[in-house]
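Letters are used for the chains, namely A, B and C, taken in the order the chains are written, and counting of residues starts over at 1 for each.
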């Protein structure tokens, strides 16, 4: 080997050293596994989004392009042009919003009671809350169809929202309870000694501090409803939610239509996890104990 | 403005645990009372009952001439400083201090001077626009006190307010509080487990133990004439020495010494004496104890000797330049007026 | 009427009434519907269910799916949770990425993997670029049941590992660092520490995660429908079909009751096998 090539090699090595951190083999292996697991999550989402933003005929393209060479809103536009999609989208938004209001409205007071009081039956109630999460949705939704037809709630936004609230309520109770537990009781007591009634102290001191956390719990309720398929499909006919609409039309709809639908189901997930990332653990922290 | 506090036979039971066993207090207007005791003695429970944060199981409670049993905290005309300060994190310091005044529906024109005045007393005028998250522990402590003072309450309640501060800051705040509260002439009840704090601040100390008030007296009385062995052992650092003695024919016999007995009768009694009331003597005498020095700790201003007297633990303070070394046999002269005697069975002081 | 003693009950009452109306009542009702036909108490619905050609298939498909997916998810989630304790920089970012699937519905997950696994999809493109395939190949059909099954496993592992991981990470955070450090001082290797310290202390979280994930895995439905339509029968899918297409609530409820019974059986097994001793805190 000549001196020149050796120098060249040395230069390259220096460059590599500068670009790459000095890690041991184990560290490289660790980082690689970490990266693979991240890609395992992200890559499928990226490819779905890519599919949703490709022209319709790209579905039949072969081989597929992995990079966004041919971006188009053609598929999305087609998706919203299909009869029923837009109203299903609106129904989903309304059901989810109602779910949010009902589950937080009922769940937050219960969470407050669990966080602040010692009373007979507290542990039983907490157990009941945790147990409800283990219920198969089928066993709730199927009998409710009959009841809802009798009550005039079948095929209504409110009816679906009721069932979704039942699913979201246990989470609302657990999250809000851990939220209130994180706010020192002393603050409320201080407010009482300074002339507040129990309600005034809650409203002026606890609420302002709890609001961000309650908002996270509300978003969580929204997503539970947004994602629910089984009950929404069984309890509706003419007024389906987006998931119900997609499920019932899956078999006869073209692939690009399904991809666009999938895109609209996934997007809230990304926003949601980002918005509530601080509170993810409080949902399980209690159930763990 | 200042009101007295009258507590009569108050009991508090949590489930099966009796936290307070018939406790009575009679705090005069403008008096500074310290509730002192180890954790779990019921001192905080008593304070919270006076505040109305806890409901008594039985007993009578008066603030001024008004019976306050069953009244919520907001109707008791009190203010409280909490152990963890309880400064509202979502309000500015100004709004924190103004909080109680706003609840009283005072006009803005009345609120502002009172907030400024209270902040001025605590030297935190420059922090009024900040939030509690931007403050140090000591500053938060000042806010909590200012917030209570701004209320101009009949009674000020403080629950271990200095316990979360570091030692140096605690010393500084202690002196400042003493001056401030003497000036404001507010009736104060102050809970602490720190006997030095209690000695330094109180007009009267109520020493609590196991749900009872075992002594309710001025600091100097509590120090010099403890009502029982527990008081003597809890107050003072190092605490009072206790020695088992045998009482026969008007004399008590301990470790080779014969001391004049406090009262007639035979049997065991306990001698109590504070470490600073003992002098290491040159020669032996009839009323000198003999002991064996096990440890010498130079503490700066003085040395602390740990001795074995008749196989019982005994502590003595000596001058810092004392030549005594561990392993030495010594004679101990007890200051005659400082001997205290206790019943060995009940621990109660004998007079 | 509202006093300090009764206040907590007033606060709980609305949610309690709501849960009774929408959990307890339908729960009882489901049994009545399942065990009645024409107003008579009967096992008729269960007989119809058992005689159906898809019943055995859906039962075994669901069971095998659970038995493969849940241990796989547990292993991956445990790996993730342990890695998160070691990551120095960018831990929050990695955690965020790994928890994203938590918000993705089973239907959406099915569609995502459909995009990857369709005849002219991204995975086939990659495979033929590597020379493993000649051209577009159909995976998701009744003619390729194993491939379809594998696809469902991929989608389920992709979607629902996050929930296991979150529970385990929460559990790991509850274990004081001193235990591991003490074990290290006394000479335990990383693997020994994992086996002897972390795993036993993580048992309550493992139990929670296993129970929750197994119960949810028995309800697998939309993923399967999105990927394979009716080509891969599962229990929930059959319940849906009987209700939505055949309009027979009795048989549908029989399926629901069956799912519930299996869930309860598995929960009891987990509680027994992974018994958590009541330790004085």
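Note that a residue touches a chain if its C-beta (ideal position, glycine included) is under 8 Å from a C-beta of that chain, and two chains touch if they have at least 3 such contacts.
Model, not experiment: these values are computed from the prediction.
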Completion exercise
The chain whose mean C-alpha position lies nearest the overall protein Cα centroid is chain A
Handout entry: Chain separated most widely from chain A, comparing mean CA positions
Key = B
Practice task
Return the distance between the CA-based centres of chain A and chain B, expressed in whole Å.
Solution key: 54
Completion exercise
For the pair chain A and chain C, the C-alpha centroid-to-centroid distance in angstrom is 16
Problem - Distance from the mean Cα position of chain C to that of chain B, given in whole angstrom - result: 58
Exercise for the section: Find every residue in chain C that makes contact with two or more other chains and list them. Expected result: none
Completion exercise
Check: chain A positions touching at least 2 other chains come out as none
Completion exercise
Residue positions on chain B within touch of chain A in the complex are 51-53, 72-74, 78-80, 82-84, 86, 88-90, 99-100, 103-104, 147, 151, 157
Handout entry: In the complex with chain B, residue positions of chain A that touch it
Key = 184, 186-187, 189-197, 200, 205, 208-209
Handout entry: Complex contact set, residues of chain C against chain A
Key = 5, 7-9, 11-12, 14-16, 18-19, 22-23, 25-27, 29-30, 32-33, 76, 79-80, 83, 86-87, 92, 94-108, 111-116, 118, 120-122, 124-125, 128-129, 135-136, 158, 166-167, 169-171, 173-174, 204-205, 208, 211-212, 215, 218-219, 221-222, 225-226, 229, 236, 239-240, 243-244, 249, 252-253, 255-257, 259-260, 263, 267
Handout entry: In the complex, chain A residues that touch chain C
Key = 30, 33-34, 37-38, 40-42, 44-45, 47-48, 51, 59-64, 66, 102, 105-107, 109-110, 112-113, 116-117, 119, 122, 125, 128-129, 132-147, 162-163, 165-166, 169-170, 173, 198, 223, 226-230, 233-234, 243, 246-247, 250-251, 255, 258-259, 261-262, 265-266, 268-270, 272-274, 277, 280-281, 283-285, 287-289
